[in-house]
Each structure stands twice: as C-alpha cells, then as structure tokens.
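Here the structure is laid out as structure tokens; the discussion comes afterwards.
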Amino acid sequence: MTPRVHVFPVRVYFEDTDAGGIVYHSVYLNYAERARTEMVRGLGISQRALLERGGGTAFAVRGATMDFLRPARLDDLLRVETGIVAVGGASVELDQSIRREDDGVELVRIGVRLGYITLSGKPARIPAAIRDLFGNWIRERR
Amino acid sequence: MTPRVHVFPVRVYFEDTDAGGIVYHSVYLNYAERARTEMVRGLGISQRALLERGGGTAFAVRGATMDFLRPARLDDLLRVETGIVAVGGASVELDQSIRREDDGVELVRIGVRLGYITLSGKPARIPAAIRDLFGNWIRERR
Amino acid sequence: MTPRVHVFPVRVYFEDTDAGGIVYHSVYLNYAERARTEMVRGLGISQRALLERGGGTAFAVRGATMDFLRPARLDDLLRVETGIVAVGGASVELDQSIRREDDGVELVRIGVRLGYITLSGKPARIPAAIRDLFGNWIRERR
Amino acid sequence: MTPRVHVFPVRVYFEDTDAGGIVYHSVYLNYAERARTEMVRGLGISQRALLERGGGTAFAVRGATMDFLRPARLDDLLRVETGIVAVGGASVELDQSIRREDDGVELVRIGVRLGYITLSGKPARIPAAIRDLFGNWIRERR
C-alpha cells in the first residue's frame, strides 16, 4: 500500500539564511515546493512536460498558511513531510511539515492550496490520471 | 493625523519571476517584508540597530496566511499596502495587500503575525515607544 | 548630452543578507540586473515586450566577472552605476559598480557580457534602434 | 588516493527559473556555493562551527568569473564539479563546472577566489589543518 506521507530531505545553505542567523522565512515556501515537485515526480508526473505541452498547464499556489514554530539554522539537515488532504476537480490541498532530521522537532507547518491552471491563468480540470494518483495519498486532516 | 495604510512601491524584475512567466509565489513574502521594513523605518526605527544592540532583538515572522488572487508579471509596478491590525506585548499583527499600481487590482493578500524576539529566539517585550508608534496605525480588520 | 553613467539606488533588506551578517554574494548580480533593466527601460525599451513579441528575444548574460571589495550590510542604501563599454551586433559589454550611497565607497565591481538571443537560445541581431541607443552610452573602459 | 574533483548533484526547481524559461543566472553561484559547502563538509569542516567559534571566521567570496555556455531548464538534474586550483595563506582558488547530469554537457564555468576572514571582515590565516586538506585536492588549472 502507498505510504501516506512523502518525505524529502533539504540541507540549509548560506543562501537560505539571513542576518538574524536563521533561515529567511519565505525560503520555507521554496523548500515546500521542492518537496511537492519531488512527490509529483515520484508519481511519474513531469511538471516541465505539463508546462511545455500544447497550451501548457501547471499547478499554481492559490493559498498558503504558515506557522513558524522554531528557526532552522545554517547546515541543518531538514526533512519536509507532505500529505494530501483533499483533491478536487481543479485543486489540491496539502499539509506540509518541515522538521529537523536529527531530532524530528517540527520547525514550520505549511498548508497549501494548489489550483490547476493554463498558462494564461484560467482554471483547468486536473487530468483524471493525476487526480487518481493524488487520491491514493489522501490522509486525515490534522 | 497619521495615515492608516502604509504604501510601498515594488517593481518586478527577472529574478522574481519563474518559468511559468509569473512572479514566484514566495517572492511576495519578500515584497511584504520590504514594505514592513520601510514602514518601520518611516517610524524612525532601525532594524539593524535593534539587531546589533546588546543582546539583539528583531521582529520575526511567527505566522502568515497568503491568498494569491492574480499573478504579477515581469516589469509590473506593484504597490504593497500595509495596515496594523493589533499590537500586543510581544507581537504585532498586520494585513498586507499587493496591488498592481496602474489599475489597483489586488493580486495577493497577506496576513502576518510578527513576534518580537531576542537573537537566541526567546520572546521579548516590544519597547513601549515602538508599541505606541504601531498603535497609531491600528485599523479595522478586514 | 546623454550622461555616460546610469545610476540606480538599491536598499538592502533581510532577504539579501546571510548568516555572516552581510549581503549574500550572488545577490549583487541581481542588483546589477535590476539596474540594467532600469537603464534599458529609461531608453524606452520594454524587456517584457521583447520577450512576448513573436518568437521572443531577450538579453541573456553570457559572462560576468565580479570583485567583492567590501561587504554591504542590512539597511545599507547602495547605488549601482552602469556604463556601457562596447556594443556589437549581438552582444553588449557593461561595467557596473556598486557603491554605498552615503560615502561613495565601492563595494563590488562587476563586468557583464550580454548576448541577444531568441527564446530557443539562438543568437539574434540587436535591432539597430536599440544598438544606437546603447552606443550613445559607451564610455572608456576602466 | 583522494579524488581531484568533487561532484555534487543539483536539481532545478521552479524557484531557480525565470520568465525566460531558464535558470536565472545568479542562481548558478548559489549552486556553486552549495557544492563548495558539501566539499568542505566532506573534509570534516563545519562552516557553522567556524562561524560560531570565538570571534568567528568564514570563507568569503572575493572574486568570481562566470561563463554561461548553455542554459539549464526546469527539472534538469545537474552536477557541479569542483576542483581546487591554489591554496594560499588566507585564500583559496577554485574551478567549478556545472554540467547536465544526463549528457555531461557543460553549462556554466565558474572560477572562484575565496578569502578567509573574521566576521568583522579582516583577513585571517586559514588554519593549517584546513589548508592541508585543501592542498590534497589541488589540480592543474584548466
């Protein structure tokens, strides 16, 4: 049976930190997007192919909520845990949690609402094959 | 009387865009932070002085909610409108709205909860002088 | 007569700094590109129009040299000085200097070689009108 | 015998690309710095420990040359090859080459000159143990 949480490792580099000595807050959204990309790639879906195919479609972030619980620091090894909460005709809702790898402490909690759109920005139906793949990952909302 | 909304202009450059042809979603958090920095600077508060003063304190983002309504594109001139919703002993809550300058259309709505912390990450009381300055800006929650 | 050096102001924000307390080195390339964009915009050239017009063309960075003389820090107000060194059929060479605004001290010196390309990456001839505009700005090489 | 070239894999994500559909040029400097960090970590040196130890020291980029040969695109898997060219008392010179993993084509060539400095920006002697480790990696200049 498919696991319900996708796990993706991220290392903190200088580029990610700020003069306060910690990871700059918007960078966690980048980490989260890397993790979603690898999750989608793991399902056999190429975002670049979606983008370059006739007309072009993409998952776009429609909404996000972020709770910054503790800071990550230079050299930290993190893991991003991603679960799917709900899949609709043109949208997907995910829960993501960024933790320190060594002790599992949760640093940032992110909720993301993705819309599926054409490159001109219009909502598009998520292909059934992709929706089914996501459906296998749905877990309970926290 | 003090205006209730701080306005800050931002231009979209190549560095801000992604292969979808629009501004990458996490970049709006950077725009929002630039606007808050200028708002605070306008009140006569230097974040660098807070950071470098004995021990060091800073405003840290504790939580954020983001609604992405429409995309910004390369070369767009935007304006970030910032209002303060509430000021507590160790936290500030703000509403920020990013609009296209030419037609005023709202692109992104951001709610931000800031905590005041020491560099070691412990909550600190916002100095009364700063709290009073913020208090003058409080507006109704949307 | 046209001035020979284009001047563009940049403010350093938290997003630009790293855990060493200074501006992260690659960020200066972003500052330099913002300045070139505004210089080009000042000549009446829209990069977005070039990009979206049939086929699409853009200036792409082909090469760069960077000398980091002194660090910029949080809250610093900088200015980017840009001069054109040479204009060819499909390339432009520029000198850029990033200085602190208050005392004029040079922090970073950047040499940039731009190529004019189609979106598929092939070299393209710079339109004569644009080449002439750039030609007016040519100055002695340092 | 120690290998002469350090190899580090990098995946291209949306955050790295721009509206031209390719990786934004300054991002390659970030990739290069990640690779140097892992090379140094592989030698048993923690940059965070150097930074946090009494006074604090760090390797800072003093100069760089970049040749952009071909663009990387969304989803590309790249590898950064790093070799050390020379080690001095307070500086290190490296050659870095960014290639596509699947066909080995070179995309970007970077030369970097690092200085070893205190957090106040003064040059510092590289500890002999670190210098020796780097010395084992020296290779011929291209």
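By written order: A, B, C and D. Residues from 1 in each chain.
Just so it is clear, a contact is a pair of C-beta atoms (placed from the backbone, for glycine too) under 8 Å apart; a residue touches a chain by one contact, two chains touch by 3 or more.
All values derive from a computational prediction rather than experimental measurement.
Trainee: Could you pull out the chain whose C-alpha mean position is farthest off from that of chain A?
Mentor: With centres defined by C-alpha atoms, farthest from chain A sits C.
Trainee: Across the interfaces A-B and A-D, which one involves more C-beta pairs in contact?
Mentor: The greater number of contacts lies at A-B.
Trainee: Just give me the whole-number Å value for how far the CA centre of chain A lies from that of chain C.
Mentor: Taking the average C-alpha coordinate of chain A and of chain C, the gap between them is 34 Å.
Trainee: Taking each chain's centre as its mean C-alpha position, how far apart are chain A and chain B in Å?
Mentor: About 24 Å, centre to centre.
Trainee: For chain A versus chain D, what separation do you get between their C-alpha means, in angstrom?
Mentor: 28
Trainee: What parts of chain C, by residue number, touch at least two of the other chains?
Mentor: 14-15, 19-22, 26, 30, 33, 51, 73-74
Trainee: Mind pulling up the chain C residues that touch chain B in the complex?
Mentor: 11, 13-15, 30, 33-34, 37-38, 41, 46-48, 51, 73-75
Trainee: Across the complex, what residues on chain D touch chain C?
Mentor: 19-22, 25-27, 29-30, 33, 51, 58, 60-68, 70-71, 119, 121
Trainee: Applying the document's contact rule, which stretches of chain D touch chain B when the two form their complex?
Mentor: Checking each residue of chain D against chain B gives 14-15, 17-22, 24, 26, 73-74.
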